[in-house]
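What follows is subunit A paired twice: with subunit B in the first complex and subunit C in the second.
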Partner chain A sequence: MILVVGEERRGRLNRASWEAIAAAQQLAAGRPLVVAVLGADIRAVALELAAAQVTEVVAIQHAALEPYTPDGYTAALEQAIVQLSPTVVVLPHTYQTRDFAPTIAARMERALVTDVIRLRISGENIAYARPMFQGKLTADVVPLGPAPHFITVQVGAFRADQASRGAVPAPVRSLSVSIDSTAIRQTPEAPFQEARQAVDLSQAQRIVSVGRGIKDAANIAVAQRLAEALGAELAASRPICDAGWLPMERQVGSSGQTVAPKLYLALGISGAIQHLVGMKGSKTIVAINKDPDAPIFEVADYGVVGDLFDIVPALTTALKE
Partner chain B sequence: CAAEVRHRRQVAPGVGHRRREIMLIIVCIRQVPARDWQPRLNDARTWIREQDATYETNEPDAYALEEALRLKEKHGGQVVVCSAGPARVVQVLREALARGADRAIHVEDDRLAGADAFVVAHALASALKDEPFDLILTGLQSDDNGSAQTGVVLAALLGVPHATIIMEVHAQGATLRVKRELEGGWFQWINMPLPAVLTIQSGINQLRYATLKGIMAARKKEIRTVAAPLVLEPRQKIVSLYVPEKTKKTELISGSPIEAARELVKKLREEARVI
Partner chain C sequence: METLILWLLVLGCVGAFAAQVAARVRLIAAAQNTFSLDNFGSRLGRFLVDVVAQRSTIVERPLVGVAHAAVFWGFLAFSGYTTAEFLHGLGMVDLVHASGFSTYRAVLTPFAVAVLSGIVALLIRRVFVRPIALGETLSFESVVIALFIATLMVTFLLAWRLDEASLAGRANWWVHSLVILAFVVLIPASKHFHLVLSPFTVLLKSTELGNVPNLDFEKEQVGLEIVSDLGSKTVLDALTCVECGRCQVNCPAWGAGKELNPKTIILQTRDALLSGTRDRKLVEIYSDKVLWQCTTCGACENQCPVGIEHLPLIVGSRRGLVSNGEAPSYLGGMYNHLERRANIWGLTADQRQKFVESAGLEIFDPQKHDVLVWLGCAGGFEADFQKSLRSLFEILRVRHVRYGVLAKERCTGDPAKRTGNEYLYQELAKVNIDELQAARPKTILTSCPHCLKTLGSDYRKFGYHAKVVHSAAFIEELTRDMRPSPTAAGSVTYHDPCYLGRYAGQVDEPRELLRRFGATINEPVRNRENPYCCGAGGGLLFADKEEEPGSRISDVRFGQLRETGSATVVTACPFCSIMLKGARASAQAGPGARSSDADDLQIVDLMTYVNGQLAKA
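The block that comes next holds the complex of A and B.
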C-alpha cells in the first residue's frame, strides 16, 4: 500500500498535496493508495480529499495537531504509519515536510529521498530522480533498507490537475492517535508577514531581475538603466537581497514574491527551483547568462549566452534606437 | 537498532544538563564543490570526479557560523565547528577557525565523501554526543546533496528539539526564541528549550570575513580528529548521475553583444509583443 500525506493549513488543503497525490497515483499504478491528513479539525479537508481516486482517506484528528509542531506531527504520523504499514510514504516537499519528515524517518530508521522530480519505474524496480549540485545534475536514487521508504516530491514537479478523481467519493475513516501534548517541546506563535512596503511586483508588467552574476552592489546600476529603458520594475534572486544589495521586498521566489509579468528578464540568475517557482508563470522569459547549461534556460523563451556586462548595456542602447 | 536510537536519546548528555552562563555552540559545516564548478562525472556515472572539483563552505553553513559568533559575542561561551568527511574538509574547518571559531572537530573517514544524510548525521552524532552543547546550528540544506535532512536527523539522534529554516535567534536563559521562515514571505516565532538544533537559512545576518589576525590566531587552535562509527549504514544509493534532460527549446540569440541585443529587441517587439 502507498500512503500519501496531504498538507492542511488553516482548514485548507494546499496545491502541493494534490501534486503529491498525482505522484503517488503514478507510483501505485492501481495498487491500494491511502491518503492521510492531520490536523485539529479536518473534516472538510478529508471530504475534499475523498474526491481523489484513492482507496480511502484517513483522517488523523487531534487537538494537539493545531498549531503545527514537528513533535506533534512526528508523534501522530509515526503511529499512523505503524498501523497502516505502507511500503512507500509520499509527501510534498514543503517547508512543513522538511521540518518533520526527517525526524520520522530517523526514528523509524527508514530511507528518506527528498525533492523527487520524476519516478523511474521499470517493472518491479523503482528509482527516484532528484536534482543535485544546485540542479546542475540529476541523480536517480534507490532507497535502501526495509519499508516504508519515504519520498518527498518537489513542488511543481507533478501536476495537481493530473491527479485522477474517483467516480464516487472515497470512504473516509478516522484513525485515532495519542499525543502527549506536554511532550511537545516547540511553542509556535501565529504566522505573520513582515510589513510590506510600496512595491507589489505581482502587478508589474515587466521585470528586470538580477542574480549573483551581477557580482557587486555597484553594478546594480547596469540593470537599473535597462529597467528604466524598458519601463520595468527591478527584482532579484535571494542572494542579492540576502547581501542587502536590494531590499527583501524585491525578492522573487518561494520565500519571496510570485510574479507573472508579460516580460521577465533574468540577468545572471542560475535558475534554482526556489527562484523558478516564483517566476515561471511569466508570459515571456528572457535569460542572459554566461553558462549555456544554466537551468534558467529550461524555462526561458529567449536566451543570450554571454557576459551580462557586455549584453545589458547593448540592450539598453538598442531599446533607445 | 531503533532501541539503540531511543537509548542514545536518553543518555544524550546535552539533555537536562544544568544551565551554565557560558554557551557551547556547535556549528556543522559541510564542504561542497565551488559554485562556479562545471560538473564532471566519474566513469561509473554515479558520482562526480572529486579530483576535478574545487571546494568551499556550504553557503548557509557560513551564515550559521556567523550567527554562532554573534551569539558568543552576546552571551559569551565557545563556538566549536564540526565537519564530517575525508581529509580535504579540514580546509573549511581552518577557514571557520580563522573567522573566529574556538576549536574544530573533524570526523575523518573516506566513506563520508558522497555519503547520504543519514550516514553523515550518524557520524556527526557520534562525535557530538559527548559535547555538553547548548545549541547546534546547521545549514538548512547543502548545495551539493540538497537533502535538507542532516540537521533534523541529528536532532532526532541526539534527542533534542529542533526548528528549521531559521532567520533570527534569541537565547534567553534556558529558552530559545527563533524566527522560522515560512513560504511566500511569511514568518513565525517559535519558543523552545535548550539544548536544541536549528537549521539556518542564508541571509539571517551579514557575513564577516576572516582577518589576517584571525588567520594567524587560527594556527594555534585545536582541530581534533575523531573516527566515524565503524558501521555506517547507507539508506540510499545513487544508481545514475547525469546532466538534466532539456525539455524546453529556448531560442538562443547569438552574434556580437550589439547584434544579439538588436535581435532580441526585435523579437520582443514583433514576435512576443511584450515591449
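The block that comes next holds the complex of A and C.
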C-alpha cells in the first residue's frame, strides 16, 4: 500500500498535496492508495481529498496538531504508519515536510529520498530522480532497507490536474492517535507574514512597463489600454513612480519589485541597470524606444526603434481585433 | 594664609580633575586595544599641521578656525605664565620676579588681546549666530567656559594697571587663579576635554581614510554588537569629540534630510560609555535606520579636526547587524548576487564575456601586455559604462599601451566590505587575489574608484601589493605630451567621486585632463577633496525609496551640479554616473520638472570625454 500525506494549514489544503497524489497514483499503478491528513480540524480537507481516486482517506485529528510542530507531527505520523504499514510514504516537498520528514525517517530508521522530480519505474524496480549539485545533475536514487521508504516530491514536478478523481468519493475514516502534548518541545510563534503588497507584480504573466519615454502622466492611459488588451499588469521604471504618475508598488527594478513574467513589454524605457536587474528574468522582452542606442535593446528579444505613441495604439487596436 | 588656601584649592581641584580623568582612562584601558602608530612619520607630520598649525580647524571655517587658533596658541603661550604664577602663589619658587618674566608678560599681551578677540567672536557666534552645527540648543557649559577664558584675559590685562600688593591687585590675582582652578575641574566632563585628548586622538588616527581593519574569523570576530565591543580608539574618539559639527554639516545623508548625523553617533557613544552600560546593544543606541544611511563617503572622518574615525564605528556596527542576519532586505538581494554570480547585479558571466569579445579584449598575459584592465561590475555589465571603457581602450590603443583583462573577474567585494558583510568580502577578495597573483600584472588599471580603493588599498591587508591606478591618473600621465588643437569644448562641471577625490586625493589629474582637452572647468559647491556624495556608496546604490527619508542624496547632488550652469557634467566613477543619471531622470519626470534644461545636461564619464575630444582633434 502507498500512503500519501496531505498538508493542511489553517483549514486549507496545500495544493501540493494533489501533486503528491498524482505522483503516488503513478507509483501505485492500481495498488491500494491511502491519503492521510493531519490536523486539529480537518473534516473539510478530508472531504476535499476524498474526491481523489484513492482507496480511502484517513483523517488523523488531534488537538495537539494545531499549531504545527515537528514533534507533534512526527509522533502522530509514526503511529499512523505503524498501523497502516505502507510500503512507500509520499509527501509534497514543502517547507513543513522539510521540517519533519528527516526526523520521522531517522526515528523509524527508514530511507528518505527528497525533492524527487520523476519516477523511473521498470517492472518492480523503482528509482527516484532528484536534482543534485544545484540542479546541474539528476541522480536516480534507489532506496535500500526495509519498507516503508519515504519520498518527497518537488513542488511543481507533478501536475495537480493529472491526479485522477474517483467516480464516487473515497471513504473517509478517522484514525486516532495519542499525542503527549507535554513532550512537544517547540512553541511556534505566529507565522511570518510577508508584507503584503497591493500589487504583486512578481506573479504577473504579462507586464506592460512604462519609462520616461511616456513623457507625461496623461499618457499613462495609452499604456494602460495596451495592458488591458493584453491582460497584463502595468508597471514602471523609477522616475515614473518618483513623479507619482504610478504608485510606488508598480516600480520594477533594484529599488522596486523583481519580476519574471512570460512577456515584458518595455515602453520608452532606456534600460538603466537598476531597472534591468529587476526584469532580467523575464522570458520574452519586447522593447519599444526611440533611441537605437538605449541599453534596453541589449537585453530585449524583440526591439522596435520607433515612437511608442505610433506603435502602442496600433498594437492595442490589433490586439482588440 | 593665602598660600594655605591656595594649596587646599589646588589639591582639591587637581584631585577632582585626576579622578575624572582616571575614570575615562579606565574606559579606554578596558576596551580592546586598537591603537596603532604605524606610518609614524606621516602621523607626526599630520600632528604638526593639524594640531600645532591648526590646519583642519581653519580650512573648513576660516574665521572660526582663526579665532580658535588664537585661543589655542594663546593657551600654549600662557602655559608658562600660569605655571609660574601658581608656583609663586604656592610659595614654591618665585619665577614671577625673575629677570625676563616681565618681557615674557609683555610678549603675552598681544596673545591676550588675540585670545580675547577670538573668544568673544566665538561667543557671539555661539549665542547669537547659533549655527546648526553647534546643536539646536545653546550649550550653557560652553558659554561659561568662554566667559572663563575671557575673564582670564581681562584679569591678565588688568594686572598691568594694578599694584600687585594692593587689595584690587590681590583680588584680580585671585579671580584669575580661581577661574583657572574651576576650569581644571570642569574640563574632563565637558567637550573641552578635547584640549587634553585631541593631540593623542589625532596622532592615533589612521593615516588611511576609512580604515576598517579586517575581521579575523579564526578569532571568532563578528563585528561590533554591544558597547564593550568598541575598540580603544573608538572610546578615545567618543571622549574627544568637541561637538563642532563639521562631520554633521559635511554628511551627505544629513544634508539630504535623513536621520543620520555622525556627530550624534559619536555623542551617543560617549554617553553610553560614561553611563557604564557595557552590554547595551549598539543598534539600540544608534538605531538601525541611521546605520544603514551612511554612504561611507568619508566626509565626517576627513573633516574631523580632533582625529575621530567614524567609519570603523559605523561599518563595525553594520558588521554586528549582518552577522545576526539583520541587514536590510535590499542588501540580501545584493549579497545573493555576489554569492551566486560574483557581481552586484546577479547577471551571468556570459554577459561580461559578450562585452570582452565585442570590445576585442585579450586575456591578460604579462609577456604580452603592459597593464591589466580591471573591468569591475560596472565595466562587465553596465552598458553606459562599457561605452566609457571602449573610449579608454581607444586611447590606450592610440598611445600604444598593450592591455588585457582577466578571463574571469569577481566583484572586488567593495559593497560587501562597506555594508559589513566581511565574510563575503574576504571570500571574494581571496579568490581575486589568487587570480591576480597568478596573472602577475605590474599595473592594474581601473576606471572605478571603488575598485581602486579595494584592490589598491584594502587588499594590502591580505598582503597583496600591486600598483593599482585609476584611468584619470593613468591617462593624464599618458597624454602629457599631447597638445591637441584647442577645440572649443565649452565649460564643463567636474564632479569628484568620493573614492577618487577624498579617498585617493586624485583631484588634479582629472582637472588637468579636462583642461588639456579644451574644457573650462566650472566648480560645483563641495568639490575636490570634499565632494558631496552621489549617494551610491556603502551599498546605498541598492536602497529602496522607502529606506530613504528626506530627499535622495543623488537628487541633492544633481541639483548642486545643475546650479553650475554647465551643459555637461563629467565624472570618473560608474556609480556616480548611474546615480546622477537616475536623478536626472527623476528631475525630468518630477513635479515642476524643467525638462528642457535637465534634458540638456549631459553626464559623461571622463574617458568618454577625453576620447571624444581626441576624435575631434
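In the analysis below, the second predicted complex is superposed on the first by the 196 of 321 C-alpha atoms of A that agree within 3 Å, B and C clash if a C-alpha of one lies under 4 Å from a C-alpha of the other, contacts with A are read in each partner's own complex, and residues count from 1 in each chain.
The rule is simple: a contact is a pair of C-beta atoms (placed from the backbone, for glycine too) under 8 Å apart; a residue touches a chain by one contact, two chains touch by 3 or more.
Treat the numbers as computed from the prediction; the structure is a model and nothing was measured.
Set against each other, subunit B and subunit C touch different numbers of residues in subunit A, with B touching more.
Of the two partner chains placed by superposition, only subunit C is touched by A:271; subunit B is not.
Of the two partner chains, both subunit B and subunit C are touched by A:298. Within the superposed three-chain model, A:123 lies out of touch with both subunit B and subunit C [touch as defined at top]. Legend: residue contacts after superposition of the two complexes on their common chain; A:315 is shown touching subunit B, with no touch to subunit C. Of the two partner chains placed by superposition, only subunit B is touched by A:113; subunit C is not. When the two structures are aligned on the shared chain, A:258 is found in touch with subunit B and with subunit C. In the superposition on chain A, contact of A:280 is made with subunit C only, not with subunit B.
Legend: residue contacts after superposition of the two complexes on their common chain; A:30 is shown touching neither subunit B nor subunit C.
In the superposition on chain A, contact of A:239 is made with both subunit B and subunit C.
Shared contact residues of subunit A, touching subunit B in one structure and subunit C in the other: 212, 238-239, 241-244, 254-256, 258, 295, 298. By the touch criterion given at the top, residues 70-71, 94-95, 98-100, 102-103, 105-115, 127, 130-145, 185-194, 206, 212, 230, 238-239, 241-244, 254-258, 262-263, 283-284, 286-287, 293, 295, 297-307, 310-311, 313-315, 317-319, 321 of subunit A touch subunit B in their complex. Those residues of subunit A whose C-beta lies close enough to touch subunit C in the complex are 212, 237-245, 248, 251, 254-256, 258, 271-274, 276-277, 280, 295, 298. Looking at the complex, you find that subunit C touches subunit A at residues 330, 333, 337, 345-347, 378, 381-384, 541-546, 578, 581-582, 585-586, 588-591, 593. Subunit B meets subunit A in the complex at residues 1-2, 5, 33, 35, 38-39, 41, 48, 117-118, 121, 140, 143-149, 152-153, 155-157, 161-165, 180-193, 201-203, 206, 233-248, 250-254, 257-258, 260-262, 264-265, 267-268, 272, 274-275.
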